[in-house]
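In what follows, chain A forms one complex with chain B and a second complex with chain C.
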Partner chain A sequence: MLARLRKPWPDVRAERMLGAVSCLLAVLVVGMVVFVAIHAWPTFSHNGLGWLGSGETPETSFEKMQATSVNPPPSAYHLRAWPLLYGTLLTTVVSVACAFVVSLFASIFIVELAPERLRRLTIPVIRLLASVPSVVYGLLGVLVLVPFVGNHLVTASEKASVANTIELTGAGLLVTVVILTVMIAPIMIALTCEALASVPSSWREGAIALGLNPLRAILAVTVRAARPAIVAAAVLASARALGEAIMISMVSGGRAFKPNLDHGLLIFLYSPLRTFASTIVDFREGISAPALGSSLYAIALLMLLGGFVLSVCGYLIKLPLRKYQVRG
Partner chain B sequence: MSTLVPFEFDEPRVMQTGRGRRSSPMTWRWRDRFALVLAWSAGIVLVLVAGAIVAYFAFRGVQYLRPSLIFSRPQISASQAGSGGFLDPLLGTMVLTAVGIVLALPLAVASAVWMSEYGRPRWLARVIESCIEIVAGTPDIVIALFGLAVFQLSFMGPFSFKASGGGIYGRSFLAAGAMMSLIALPPIFAATRDGLQAVPGHMREAAFALGKTRITTIRRVLLPSVRSNMATGVTLGISRIIGDTAIVVLLLGESLRLESQGAVPGLGLLRGTGSTLTSYVFGNSPAGEGAAPQKAYAAAFVLLVFVLGLNLLVERIGRHQERATGLSVATGAV
Partner chain C sequence: MQRLRRISVALAVAGVLGVAAPAAANAVTTVTISGATASYPLVNLLAQKYVKLHPGKVKFKIAQGGAQVGINDVAAGRVTIGDVSRDPLLSDPAGLVFYPIAKYGICVITNKSDALANLTSSQLVNIFTGKTRSWSGIPGASASGTIDVVSRTSVAGVLTNFQTLLLEGKKVFSAASEQSSEGLMRQAVENDPNAIGFVSNYQSDKGSVHAVNISGVACNRSTVTSGTYPGVARFYEVTKGKATGAASAFIGWIRASSAARKIISTQWVPVT
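Our next item is the complex of A and B:
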């Protein structure tokens, strides 16, 4: 058997084998969607579109689900997940917006402005920032940033003003967004840098020759030409922000509270929240309870579809770049 | 997706305005000056943030990391002094990485070779490429739930830990490793494919002219020449696996020690449950049950040292390759 394997293969067989292995990957992806969808089905069928609405707090529903038996009655599937969706959208949108500004300017710095030696330092450092495990970010958040915000930024009067609805410990939107920004900025920077570097430098030089100062030339020509790729970078990075689970579960305060501006901007920033991904981590123990398990799979299905939509969007946004022959 | 995109610079693009007069920022309009300051500060602040994170964990690591922590097994204990170190999580990380890479490497290399050397029918190649991008973009927590669903199927029983009642628990090193291979696959695939595409066509033509078949060319000529690309990909894959928490927390069973299933030594370990450095940090942080910040800091420091080491390794492989062949290795940034 081994000797037969060691002999050179006929070309056709090799091609078929390699092709079959590649097809296995496609089967895996389809299998992933199907498996998650099958497990998610009960909760969607019992709740309908109301699943996305607001109503009973998700925590209360989850606790009831955990208490149900192996064969839960249809009423046990009751879930209104709007606060979780709201938390997910809020953290994603805010942190992507922050990271967008930071990474756009940092990319301009890296590609166009930084002296050679400084750039040689910056690129590996930003790569390092991208590869720090999320649990390390979470630890930093929960042991350093959360106590700092809770003890020094949140005042006693602010705590007292909302004491009957939420407890301001420092864990919440602010810390989550700050760490998430640091986590997704390197991804955006990598993609944005590549896009900026692929714009021919003669375009920028032409603009300078026409009398623009160098920075204006970068903003008006290089950044403008690479704009679709920069937006696509933001879209792809938001997929990462959407899926971040462990870090958010550690620093977000773990309460499906919808941060709102009723009590002013500061309270809004300090209020706790819960996202889709962190819900799965927080309630993982109860996944064997059918109703709760199904709800968690439903959340996973939405995240899967969300990520899928985002990557299609990223692809579509980059299409116009083809006409410039700029890779992005 | 980000992992599939190389992050490299072909030529130095320092801002130059020719030999003559350099435009002085002092003569610019205020908003251009503002943008200039913003760009410099964004770049420098990010470097400082990274430096601060590393410096903080280095400080905490020196403060709390003792050799006894690395070499003693964790124990369940009410007091911090009695709860032992993190030998088992460290071994767990290594076992899980090995399982993940062993599963991911053949899959990724085979599909990269097929994609770049055969790739027909064209539509199928495009479908598979999109599938790998989908895998790269799928959050790890979703992959973990998928793994749980698969390994709790009744015929998957032999691969995972048995719960006390005889039910299929669906959690084991094999289950977690299989899902980890999905995480490690995209970087290995991307690095290998980019390497193969960068191999000049005349090398293939020379091999064909000598009468080699396609597959022999791949095995004897192409794969050896992209070895360092594969090494880069594997290193990136390893750094993803050791940094991942969600899959470990859901699929490895969160038992503090390595718990074997069955009597066969190696297989029993793979079918058993355990923990890794990441889940140890998670468990010992205030977010978990342990609430032992000192131990979490020490383990996080070890984790960070691994990640730093792997990053340096990627850089070195890239530079080595550049010197040897003049081709630059495309390294995924993330």
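Our next item is the complex of A and C:
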């Protein structure tokens, strides 16, 4: 029977099999979204658009939700998730911006300037870095970075100045963004390298022949031509940053505080925060309390939608590349 | 056609085996348990011993997930026994029976460099409710500067117990950083010379953090046994209605037999 399977399949059967597998995947994705949406519905219907507003801190709301019984009254669903959304957007935007700069210059160096031997070494190393599990980064954060920031960078007077609103223990925006940047930069470098390498070298050579110096030629021709692919790489990397949960849960300080510049840049950087994904990790044990469960599903739904939007954006941004016949 | 027949024969054989296996195992009763992560090590040890003493009679399937998970699972009939690390609450579903199986002390911990010997009850409340924000306001503390209060996320049963038993029912103030597990809590206190927190199993953390006396009473096994320590909480086995059959036998064995008491006494305290 196995021997029969090993024989080449007729085209029609192979087509049907593969078609069935891809249809199954599509059905799974749709089913998942529907499942999450059904569970998320109660919290949205009770809160309306106010769900995204600010007000009572999410921690207080979560605590009240757990105290309710099996059939909670509508008021038990009260949640104002703006601090969580703010934390998610802040960490994602800042870390993608940092990683963008780093990865752009690193890729230019690797593709255009690095000696062949170094290039052969760096590309596999970067691939390896991109596959490090996030919990490893989380551990490094908890054991090394958080104590370092907490004990050496944060000063006693900074701590005392905000003692009644937040605690500066080292865990917070700074450590989160640094680790997140390290996590997503390898993906961006790998994708950007591919994009830069796919630009025909004759274009750059032509530019040099016309009198540009090599660096100008790279920036004006190679990078310019690959621009959509570079932006698409950033968009895909931000999808990873958006979904990062366990690492952020470990190093973000666990408070849905909205970091702000009221007390200066340093305190802004040390402020604790909570993101959508880390909230799900932190409160997963309470998922069987109906109101809390529904709130967590609502967060999951928003993250799913955010992920979809980002990946569609990544696709759309790369479209213009086709007219140059450049693969990205 | 031939292949179709072979497949159907294979399916039939698999089906018979699938039915036969549980039928053969019918003599062994399976007790399913889910709930508190804090009591999991204890219940796991007890179940292993129980199986050894009653070979071929009973089998255990133990899952973790948190006290609330245990409550909900047992109320919905998904498991035979729910493990719970906190006292019964008003919001718990009706009809559940709580059987206390062991006592444990919730110890208040500080960084090892902070050789704080004692906190009075009111000092403790002031620290955790955010009234006292500086170590200079606490006589005997060798740390200086702002107090870093470390708490747990509100889903933790140990936080509920801590607030009822040691904070006079008051809530930990809202600026305290929240850790999602006891391990992260211990790590946060171990790393930060200004930190103060609380753990349910100090026995396993000894050496890495420092336990503070509360109103002159140390947090250890003998004070928990005698009940002089104020932060004594209980682990419960919870059943829907009165425990029956294998569950009742197991719970009865935990509460009465000397073998079970011996296991409980390794890190916890038996309920007298």
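Quick note on the criterion: the second predicted complex is superposed on the first by the 311 of 328 C-alpha atoms of A that agree within 3 Å, B and C clash if a C-alpha of one lies under 4 Å from a C-alpha of the other, contacts with A are read in each partner's own complex, and residues count from 1 in each chain.
Keep in mind that, in the parts below, a residue touches a chain if its C-beta (ideal position, glycine included) is under 8 Å from a C-beta of that chain, and two chains touch if they have at least 3 such contacts.
Given the structure is predicted, the values throughout are model-derived calculations rather than measurements.
In the superposed model, A:15 lies in contact with chain B only, and not with chain C. Judged by the touch definition given at the top, the superposed model places A:281 against both chain B and chain C. Of the two partner chains placed by superposition, chain B and chain C are both touched by A:143.
After overlaying the two complexes on the shared chain, residue contacts for A:249 are found with chain B and with chain C alike.
In the superposed pair of complexes, A:194 makes contact with chain B only, with no contact to chain C. Once the two complexes are overlaid on the shared chain, A:305 sits clear of chain B and of chain C alike.
Contact with chain B, but none with chain C, is seen for A:102 once the two complexes are overlaid on the shared chain.
In the superposition on chain A, A:111 contacts chain B only, with no contact to chain C. By the touch criterion defined above, A:163 reaches chain C but does not reach chain B.
The larger set of touched chain A residues comes from B, when the choice is between chain B and chain C. In the three-chain superposition model, chain A touches both chain B and chain C at residues 142-143, 249-250, 281, 284. Contact residues of chain C toward chain A in the complex are 3, 6, 65-66, 68-69, 72-73, 75, 89, 91-93, 130, 133-134, 144-146, 148-150, 153-156, 174-180, 184, 187-188, 191-195. Partner chain C is touched in their complex by these residues of chain A: 1, 4, 57, 59-60, 62-63, 66-70, 142-143, 146-147, 150-151, 156, 159-160, 163-171, 249-250, 253-255, 272, 281-286, 288-289, 292. Within the complex, the chain B residues that touch chain A are 1-2, 5-10, 12-15, 17, 23, 25, 27-29, 32, 35-36, 38-47, 49-51, 53-54, 56-57, 106-107, 110-111, 113-115, 118, 124-125, 127-128, 131-135, 137-143, 145-146, 148-150, 182, 185, 213-216, 218, 239, 242-246, 249-250, 278, 281-282, 285-287, 293, 296-297, 300, 303-304, 307-308, 310-311, 315, 333-334. Looking at the complex, you find that chain A touches chain B at residues 8-11, 14-15, 17-19, 21-26, 28-29, 31-32, 35-36, 38-39, 101-103, 105-106, 108-116, 118, 121-136, 138-140, 142-144, 182, 185-187, 189-191, 193-194, 197, 201, 208, 213-216, 219, 236-237, 239-240, 242-246, 249-250, 277, 280-281, 284, 287, 296-297, 300, 303-304, 307-308, 310-311.
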